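Residue numbering begins at 1 within each chain, and the chains themselves are lettered A, B, C and D in the order written.
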Amino acid sequence: MSELDGIIRDLVIANRILAHEGVLDAYGHVSVRHPSHPDRYLLSRSRSPELVGPHDILEFSLEGDALTRKHDTPYTERHIHGAVYESRADIHAVVHSHAPDVLPFGIVKTPLRPVVHVASAMGGKVPVWDIRERFGDTDLLVSTIEQGRDLARGLGEGYVVLMRGHGFSAAGRTLREVVKTSVYVRLNARVLMDALRLGGEVQYLSQGEIDIRLALDAKSARFDRAWEYWSARAGMRASE
Amino acid sequence: MSELDGIIRDLVIANRILAHEGVLDAYGHVSVRHPSHPDRYLLSRSRSPELVGPHDILEFSLEGDALTRKHDTPYTERHIHGAVYESRADIHAVVHSHAPDVLPFGIVKTPLRPVVHVASAMGGKVPVWDIRERFGDTDLLVSTIEQGRDLARGLGEGYVVLMRGHGFSAAGRTLREVVKTSVYVRLNARVLMDALRLGGEVQYLSQGEIDIRLALDAKSARFDRAWEYWSARAGMRASE
Amino acid sequence: MSELDGIIRDLVIANRILAHEGVLDAYGHVSVRHPSHPDRYLLSRSRSPELVGPHDILEFSLEGDALTRKHDTPYTERHIHGAVYESRADIHAVVHSHAPDVLPFGIVKTPLRPVVHVASAMGGKVPVWDIRERFGDTDLLVSTIEQGRDLARGLGEGYVVLMRGHGFSAAGRTLREVVKTSVYVRLNARVLMDALRLGGEVQYLSQGEIDIRLALDAKSARFDRAWEYWSARAGMRASE
Amino acid sequence: MSELDGIIRDLVIANRILAHEGVLDAYGHVSVRHPSHPDRYLLSRSRSPELVGPHDILEFSLEGDALTRKHDTPYTERHIHGAVYESRADIHAVVHSHAPDVLPFGIVKTPLRPVVHVASAMGGKVPVWDIRERFGDTDLLVSTIEQGRDLARGLGEGYVVLMRGHGFSAAGRTLREVVKTSVYVRLNARVLMDALRLGGEVQYLSQGEIDIRLALDAKSARFDRAWEYWSARAGMRASE
């Protein structure tokens, strides 16, 4: 199997995992930067992640033009992916999700912050990006590269950004990292909501703990144990 | 396959999708207006949606009289469907649901309003209809065409109406639209409850955003991506 | 099939339904009064409801003595069933459950009251029985017929009684009715918790509505639509 | 089957049960003390519990050195197990979990206390251990035997200890007991959160009730009914 074929296979598994773990539903998507052309990325044609197979994966320029199979319908919101790859050389994979447990933090003032060690990729506090601030009333979709670039500015140097009334986007140094980040952003949001409702002060992770965990994640970027497990749950055989 | 057979097939898929996505359970139903006789609608005999097959679909007059297979037991609450079709020429499909996540908004003062872009069909604020206002103490079922007409007045020009102590009804310009609306009303209710509990001000969709989304939905009335996904999850092959 | 065999078959289906719908888990049980000997009841040997088959069903006297296959281990808490049958000639089936959604109402002052039409069997307000009031510190199990009789007094003339720190018991005029009651007590508890958290006044069913629904349930005691659906979900073929 | 083979088989079943019941996910683990060498314990190599089979089980010294198949990767956090076995001769099985329903009680002041009879193994009030108190900023993992010993001190004479921002650990007098404790700690946490949100005073189990239940559990240490049920749900045939 060529390197590209292996990456496409991993991207298909990532689609299935994120669907099975409740991060992606009918909508939402996951992409990976092209291994030999850093100015391209791989992303499914317009199809729900649970159903994506190798033949659905297309190549796009960072501006969102399909470079292969140009007659297939692309995701309207592919610009989320292109704009993040454009602005962040360290990022090699992107997820866009509407997970219900995360959505509340995009529409209230209470910030989403990490309380569980596995969710440290969120950083100290997840920024909220609101398309309305710069583009006024829209359908809330990131439909142009300019909107994508504005979102990428909202993401800044972090790995997760909330999108008001819409969902969140996550960026990873590897495909497996962004899958892990997305799964645990959701878990952390649920735990934090439950904790806040108990009342009183909540103990967030300290900045020191977050930094140590981010460094740890960079070293263990394959997350073999979780990847094998999530693949099996999604009915896929984990890639070696 | 005749046009009617195709519509019946889609209606069966809609039954299965709504059961699988937690919108309908033992009770609740979904109908579609007859394609060539606008004064008739198609609806299952009295059977739980998850089990409905093509042979369960009956034809009804808007007054709720079965026009085919008159010996089958109909749903008591078929009048919800007839009355909505009677009052709204733009509506071609109706859902009646008891989804638990939506029920709380029918029994408290807090209004159900859209906070997620996919739920814009709810309009600015979902009206609450209470059968008791006009009919006093009842079994809460919409058992007569008069009760159905009162409910249709409660729905007004919108697409969703809450029913106090009972559930909600949704109306769509197409069958696929009403399925999407019903799935996302439920998600929006869950997200809004979670957001309100975090305290502080909640950012609802603006009226401009709602209008733009409703116009978008009218154009993309097939919702192919979601329909293919939901059909597959419900164990059905999506119709073309 | 003899009448008794038919009833045993229904009781097995009821076990499977209540397990599948989240009313019963490892523990909990469901019984039915003997059709020709009103001073006996049918109940599984000590086995989790999801696994109960026809050969697990034993006959008991109202005092809790096994009348068949006396060497099988019975449920410790069979006295819940015997005591309810003893005190209420109108009751023909009993469920004992630890459903997590219902448990909170047994340990706080907020009463469990019906807010959804399908849950009217709860009556105006579900009583809470606390074994500690009469028996002091125990293992909380209803292990003697005296404890069962005290619980039956707590149930009174109603159909549902909460048990502090333990669960609830439900009584039905038919087996199918007690299954329906148990499923919807759980749903009503979830909806009411969600509604109360939204704040402000909650609209409960009126006493008139409750009375009308109870009369309706008595007439439609077979609940064919729901029974067929729940049976299918639990992997069983519904009895005719 | 030798005694050791039987114990390994039970440990595999325990892994599958805890995964299926939502106590363990990609991470977390369960161990058992060696039946004939009390200074050793049995624990899977680094693998998600849902996927663990008999050939994944390794033997460790209490200090965490693998005594068999030394080339396999062990869990980093195996020291939780060794330190608890070292400090508590009465303990024969240990679970380490990140169950989301339990996590909130590790990051707020509200104590986790038992409100349901099946959760009495928690004792009167579950202690919270914070790795930061003694070790400052870390990755929050229990990576050394010293950290494990500090956690074991946090556990004290009880059976459950919360770990701030991380999860919980549970200890059992038998493997089946620790499985039951872990399943019901989670249920109790969910019920208590729901009850606290209803407001007003919550009725916890009394110390007398807790003591009676703990004595009862010691006698019925096989928990045959629950073990058969959980095994079946996890797709395993229960051990005799």
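In this text, contacts are C-beta pairs under 8 Å (C-beta built on N, C-alpha and C of every residue); 3 or more make two chains touch, one makes a residue touch a chain.
Here the structure is a predicted model, which is why all the values come from computation and not from measurement.
Colleague: For the two copies chain D and chain A, is the contact made of the same residues on each side, with over half of the numbers shared, or of different residues?
Modeller: Both copies, chain A as well as chain D, present different residues to each other, with under half of the numbers appearing on both sides.
Colleague: Hey, what angle do you get rotating chain C onto chain D on C-alpha, to the nearest 5 degrees?
Modeller: Here the rotation carrying chain C onto chain D measures out at 90 degrees.
Colleague: Using Cα averages as centroids, what's the distance between chain A and chain D in whole Å?
Modeller: A distance of 32 Å separates the two centres.
Colleague: So, what's the distance in Å between the C-alpha centres of chain C and chain A?
Modeller: Averaging C-alpha atoms per chain gives centres 46 Å apart.
Colleague: Where in chain C do residues touch two or more of the other chains?
Modeller: 197
Colleague: Looking only at which chains touch which, which shape fits best: line, ring, star, complete or other?
Modeller: It is a ring, because the chains touch in a row that closes back on itself.
Colleague: In the complex, go through chain B and note every residue touching chain A.
Modeller: 115-118, 187, 190-191, 194-195, 197-206, 208-209, 212-213, 216, 225-226, 228-230, 232-233
Colleague: Spell out the part of chain B that touches chain C in their complex, as residue ranges.
Modeller: 25-27, 46-48, 50-51, 98, 100-101, 103-105, 107-110, 130, 132, 136-141, 164-166, 193, 196-197
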